[in-house]
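Quick one: the structure is below, and I'll ask about it shortly.
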Amino acid sequence: MFFHRKHLQYSAKPERPDPLFAKMLQEPLGGQWGEISVMMTYLFQGWNCRGPQKYKDMILDIGTEEIAHVEMLATMIARLLETSPVEDQEDMAKNSVIGAIMGGARVEDAIVAGMNPQHYIVGGLGARPSDSIGNPWTAAYTISSGNLLADFRFNLTAESQGRLQVSRLYNMTNDKGVRDMLSFLIARDTMHQNQWLAAIRELEEDGLETAPCPSNFPQEREKSEVAYQFVDASEGGESRDGGWAKGPSPDGKGELTWSEARPLTEDQGQLGQVDPRVYGTPAQPVPPAAAE
Amino acid sequence: MFFHRKHLQYSAKPERPDPLFAKMLQEPLGGQWGEISVMMTYLFQGWNCRGPQKYKDMILDIGTEEIAHVEMLATMIARLLETSPVEDQEDMAKNSVIGAIMGGARVEDAIVAGMNPQHYIVGGLGARPSDSIGNPWTAAYTISSGNLLADFRFNLTAESQGRLQVSRLYNMTNDKGVRDMLSFLIARDTMHQNQWLAAIRELEEDGLETAPCPSNFPQEREKSEVAYQFVDASEGGESRDGGWAKGPSPDGKGELTWSEARPLTEDQGQLGQVDPRVYGTPAQPVPPAAAE
Amino acid sequence: MFFHRKHLQYSAKPERPDPLFAKMLQEPLGGQWGEISVMMTYLFQGWNCRGPQKYKDMILDIGTEEIAHVEMLATMIARLLETSPVEDQEDMAKNSVIGAIMGGARVEDAIVAGMNPQHYIVGGLGARPSDSIGNPWTAAYTISSGNLLADFRFNLTAESQGRLQVSRLYNMTNDKGVRDMLSFLIARDTMHQNQWLAAIRELEEDGLETAPCPSNFPQEREKSEVAYQFVDASEGGESRDGGWAKGPSPDGKGELTWSEARPLTEDQGQLGQVDPRVYGTPAQPVPPAAAE
Amino acid sequence: MFFHRKHLQYSAKPERPDPLFAKMLQEPLGGQWGEISVMMTYLFQGWNCRGPQKYKDMILDIGTEEIAHVEMLATMIARLLETSPVEDQEDMAKNSVIGAIMGGARVEDAIVAGMNPQHYIVGGLGARPSDSIGNPWTAAYTISSGNLLADFRFNLTAESQGRLQVSRLYNMTNDKGVRDMLSFLIARDTMHQNQWLAAIRELEEDGLETAPCPSNFPQEREKSEVAYQFVDASEGGESRDGGWAKGPSPDGKGELTWSEARPLTEDQGQLGQVDPRVYGTPAQPVPPAAAE
Amino acid sequence: MFFHRKHLQYSAKPERPDPLFAKMLQEPLGGQWGEISVMMTYLFQGWNCRGPQKYKDMILDIGTEEIAHVEMLATMIARLLETSPVEDQEDMAKNSVIGAIMGGARVEDAIVAGMNPQHYIVGGLGARPSDSIGNPWTAAYTISSGNLLADFRFNLTAESQGRLQVSRLYNMTNDKGVRDMLSFLIARDTMHQNQWLAAIRELEEDGLETAPCPSNFPQEREKSEVAYQFVDASEGGESRDGGWAKGPSPDGKGELTWSEARPLTEDQGQLGQVDPRVYGTPAQPVPPAAAE
Amino acid sequence: MFFHRKHLQYSAKPERPDPLFAKMLQEPLGGQWGEISVMMTYLFQGWNCRGPQKYKDMILDIGTEEIAHVEMLATMIARLLETSPVEDQEDMAKNSVIGAIMGGARVEDAIVAGMNPQHYIVGGLGARPSDSIGNPWTAAYTISSGNLLADFRFNLTAESQGRLQVSRLYNMTNDKGVRDMLSFLIARDTMHQNQWLAAIRELEEDGLETAPCPSNFPQEREKSEVAYQFVDASEGGESRDGGWAKGPSPDGKGELTWSEARPLTEDQGQLGQVDPRVYGTPAQPVPPAAAE
């Protein structure tokens, strides 16, 4: 069960409105690697967790923190939208919002053209649960497999992609208020990368999971002759020099080898014929066919 | 540029048709963590790569191999569908395909009810580019950020979630032909997990990337006081015992600490008033408003 | 900022596992009118609210409660999945999970065929953020317009559609534990319908909004001759008897009238010709055209 | 069965082309609350209606009218696109369509950059069935539940959100022809809000439905102690002052009360262990497991 | 503008309810090649048409007819759902809707498990605007390019795929009422294939379009040496025997030739280095970089 | 199985970067009619093919070629993005990437506002698998029905719509390098239109398929009286003059006739009443109803 406290986790006040940056800041809010994604991912992983209680508790801690990050970004975006294009124009009485664009275009008008139109038309100058290009967030971004190693590797990825995007956005503004909030989010992503690295290490120490994931599938049932073999399907041999093509494997269970790509079967993928009432094109003409 | 050889990489022949397993086998073909996802992800990462040539080459090697895995799964599914429901019925002349269901239902009919109806109606007993529940594959599953560490962590995740799903499917059939192909795919996923683990290690050895990702953002611009602090936002203290709440951080750059969740600001998220012509509900009544 | 308490808001314990009902119970969790939808809708409405504080506070109260409903449903679904198909079978050692289906089909197997395959393959017997047919939840279900009357009417709808669906599901099970939880959710939906009805009334009493919504658009700018006229575009006159075609309008600002459908213009929608370099088909043949 | 008359319902002629406004006008055509949504929603509600004939007839009347609104908006957008960027440029012979942008940029070029690129590339300067940011319309916006009260509440919402959006757009242009058409659409939305308010009232007078919806679920099966209780899950007490937390309930069936949020159960959501062959992470290490 | 007549175009009465066939019949209603797709495609093509009036009129004729087909299918599906699972059970008083499934499973219950759960939970036994597997219809299925030849080729495809699917469905039922309606739809698809074939022929006779489409792009600007060359990128030479690899081209403008696949450039796709503040992985290590 | 050669099929080098054209060039890469669509469509058609080997081989030839087209476009887009907005600015030290926009706006900044923000934030200046407006590519664009005539008609459409779009794009740039690549793609589309036209002709010559498609459904089961009748559902008679309303039908199997639209049945689509526990609104009031 959840409780809300009105204070934000960290302040979210821009120096001034900026509708273009508001559009871009939707990416870390409602994009694939944004805060809604990690919030929903961690909450579902936590609720579905059948592993030791310390993991379940930790996952729900961070999932709950992420709701606060969604709240901060939504608030920041609503504030970046607070001066509508109308208010920026000198003679508000004489102009419609962007009506002046085609006759006597000005640079300010062109900037309006770059806004997310749904910020105005649909959201009434509030934040939207979508990404920087307007795709609505989808729960397909929520990952919860029941296997903590597979999921923690995903979580580490999410914190990496997320920190990368926020770092890029940091370079797209010089608003001190916005940068202050971004520096907080970047720092939390640093922590969360470390958190998942530590959790992955601890899973192994606890004897619960190890590489290759899932570690509980009996490896003797794999086609073992290709389980540690690098396959080179591309002209040129640069890839042969990498650490992935020789030496002991990182999981400690094999020796990496190199091979050029080649078929391991005579099977050429020919398919058989099916009931003519499916009306697929057969190898030979057949008479008309319908059910009785 | 690409070339096709008719032989499959590995054989894909079931002992017998099984439309229900065909439905389930769509998950590793066209699901979020299926072969189309890794094929497209690796190809885009390779084409977009600005890093050293050995990485670009290696990524395209594996991306090219994955096209062959898509081909194997598509072929297997088409073969699992080869005996249509019609052909299984004793008196084909007297029955429509599933018409007998409501009057005098038989177990065979009920099984037909569990098929993916699009395998028959839309695909004509061929494989579909969608998952086990019928959602079409979407390119939102394709990840390519330009940062190899962020992307290799994703790739490691994809090979983990993928191997997990194929391992589960292995337990859902006892068809020897199907299991043989799955044992090949599981082995390749073992290799590919090792490959990405090796590549992550090599990125660091090459001095190109390290944790936290992206390593090139100046850490002095982070809000450093929260960069190594575990925040406990959930009742109960089990998470305090984990390796993520104490000791040196895995990135080697900080000391992990624990803190209970609390706001770091007085900001309560209040928003300002905006142009009344947006027709949002204001804090106080305002007179009607339209543009001139 | 948010905090989590480990106790659920209300108990979520089924008498026994039921994978088919687990599939159906995804609808009130991750469907269009499910708990994720109202949770996200109310949170975004609250964060974006520029109206009086009592509304903002109230919206966030209910938004926060809805996270707990998501938690309860996720927990219930995970428990309904706890006995996997394997464990129900007498001779677990001899059978694969559903391998027995095609040869010697049994009713139990057929039921397995009706499961959501992603509950097993993708989610590892945990809840999914998707609906009863497997479509992932999308943020397009999140409504926040900045206008509280428009949004509260949506909220009233959501609680109506939601209560309707849960009432239907109540009739699809006789598991006492499941029904107990559903009776709690139905009661909360009763409250929430009343809550939004009361809030709509209060908006009007506060002088902030009234019908037609948005009330702040100057009505003299409407094409007033059609603002209270019922248009009958369908053969037959039953609709003429309804309260929508005569008498004072519910908004108290007009008199309802009836009219048969007819065009109010001579405009037949003809379009002009455009630049031939767009290569649309013109009304007359034109010579080949490319840019210089 | 349907018939088409060539005259539009109301004229749809802009004073001049405006590709930016054409982009924005896609929202009331193909957005979530646009005319395609109400057209499809009303048609499906009508076809699926099992209630009294006067409702079915009325719903199909308005559904049929909405097809004409889709037609008007599509026509208007195609006309707003009629002067292509090429034609606006002084020296058409010397310039490619927007090729001049990077070298010697002009404001006109920048405006072109704000166009919906699919209006040109995909649609050939015709209207698109998508919203102002380019998301294709989806039938998930179509609501038809079989319960007229739940659906009429949705319809009232749709006419409110729609009128709100068109009112905003009215302020974004000063083209007299566009505003004339918008003033017609706003007036129809006024009527349609009144229509659904009247229909909701009539449903109750006819004894068919009343609050809470669905009214036919036996209320003694609800968990009655929470059916009229406001739950305060958020710090601060402003919400306690609202009409939703005290007094008789709007449905006339209860007395509203206030309560702080608290769990009503000892259940902490712990899950049981499942078949190890699902390869989820268990609470304790287990030996490797595959099917026989 | 549109008008509705209550009579269906053709009767849509099944002999008896059949919830499984109702699920499958969603494909020609709301699937990619279903009636909603052709209705919306033809209406948008008609409204956007800038070609001769006879084409615009004809396109709107068929677009209007297709609304009636949507109506017929929606009606048929609602009727196929009319006997709910409850009513089929002998002792309705003792059983919940599908509660009996897990204990004492019966074949009837298993069939219920194959229903589209949204037909019951969401739609209240009415038709849904989605396909046979539950994906909501999307306007991405609507094609309107402004070029009539490109679009008529699409229309011919749609009538082919649609007729194929309905023919398959014809074989999946023996309900005389359902088959009667399907035989009507199949006949209309025969007509519509002929209609588009005739229209394609007429476009050429009118001098408006011809192959290759668009015919107005100056062919001297093509890279002419590859404009009539078959490229063989796959091992094996069966494709060399086809009519596509030799002889005069069907458009009458070239001679078809055969070539094995080979690169026509030395370009290997190497990319340049970009601003380090994008944090992509470079070819060489660079110092940390943030904006000033 | 597939192999990669590092050389591109044709060169993909722009004269200079152009982020706006990069955005637009996403349409032929990841749009509905882009290269990913034809690549995936042809590969699936090839793998699923049960027809003569020459067709299967030919389809896989072209499917394999299309992978190379995807590669060329991805490379071109990455190169068009190579000069980031930062590098174009005179005083890189003093400005954030687009921070200067709001204060002292310049035309260059406005152009940046028109970029696809995900090219920078998400893709790190690499190509994306999405269209010109940012919608991710979806496998719903992949068509494979098992019937070669239905599919070849689709393929012909795809090459027509694709060539149309690339021709439009040719007119939107004057970059010689870009135009060179586009002239190659246009030429290949010319070939591929001819290829599918030839293949359609050959299918008929081989006796495998003919119009109406599918040709194997027994035409005596159609409702023959409407199989060659044009239905005029729209006011005005221009469509009566077309070749689709008179004369022998293109399939050679009937005589085209004209008819005004009219119902062929007395059926008005009335629905029956269903179980009251579904809580739909009935024609008459009923008492409350729940399951036992």
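Here the chain labels run A, B, C, D, E and F in written order, and each chain numbers its own residues starting at 1.
Following the convention adopted for this analysis, contacts are C-beta pairs under 8 Å (C-beta built on N, C-alpha and C of every residue); 3 or more make two chains touch, one makes a residue touch a chain.
Small disclaimer: the values here were computed from a predicted structure and weren't measured.
The chains in contact with chain C and with chain E alike are A, B, D, F.
Here the repeat of C-E among B-F, B-D or B-C is B-C, since over half of its contact pairs match by residue number. Where chain B touches chain C, under half of the residue numbers in use are shared by the two copies, so each contributes mostly different positions. The chain with its C-alpha centre at the largest distance from the centre of chain A is E.
Seen from the C-alpha centroid of chain C, the farthest chain centroid is that of F. The chain pair with more C-beta contacts between its two chains, of A-B and A-F, is A-B. Averaged C-alpha coordinates put the centre of chain C at 11 Å from the centre of chain D. Centres computed as Cα averages put chain B at a distance of 26 Å from chain E.
Along chain F, residues 1-9, 32, 47-48, 53, 55, 60-61, 64-65, 68, 71, 75, 78, 86, 95-97, 99, 107, 110, 113-114, 120, 122, 124-126, 133-136, 138, 140, 145-147, 149, 164, 167-168, 170-172, 174, 214, 217, 219, 221, 233-234, 236, 261, 263, 269, 271-272, 274, 277-280, 290-292 each make contact with two or more other chains.
Chain D contributes residues 5-13, 32, 53-58, 60-62, 64-65, 68, 71, 75, 78-79, 81-84, 86-87, 93-97, 99, 120, 124-126, 135, 138, 140-141, 143, 145, 147, 149-150, 153-154, 156-157, 160-161, 163-164, 167, 170, 180, 183-184, 186-191, 193-195, 197-199, 201-202, 205, 211-214, 217, 219, 221-234, 236-239, 241-244, 249-251, 254, 256, 261, 263-269, 271-272, 274-275, 277-280, 291-292 to its touches with chain C in the complex.
Residues 16-18, 20-21, 23-24, 27, 31-33, 107-108, 110-111, 113-114, 131-135, 164-165, 168-169, 171-175, 233-236, 261, 263, 269, 271-274, 276, 278-283, 285-290 of chain A touch chain F in their complex.
In the complex of the two chains, the chain E residues touching chain D come out as 1-5, 7-9, 30, 36, 40, 43-44, 47-48, 60-61, 63-65, 67-68, 70-71, 74-75, 78, 122-130, 136-140, 142, 144-147. By the touch criterion stated above, chain B contacts chain D in their complex at residues 164, 167-168, 170-172, 174, 277-279, 290-292. Across the complex, chain C meets chain B through its residues 1-6, 47-53, 55, 86, 95-99, 101-102, 105-107, 109-110, 113-114, 116-118, 120-122, 124, 133-136, 145-149, 203, 206-209, 214-219, 221.
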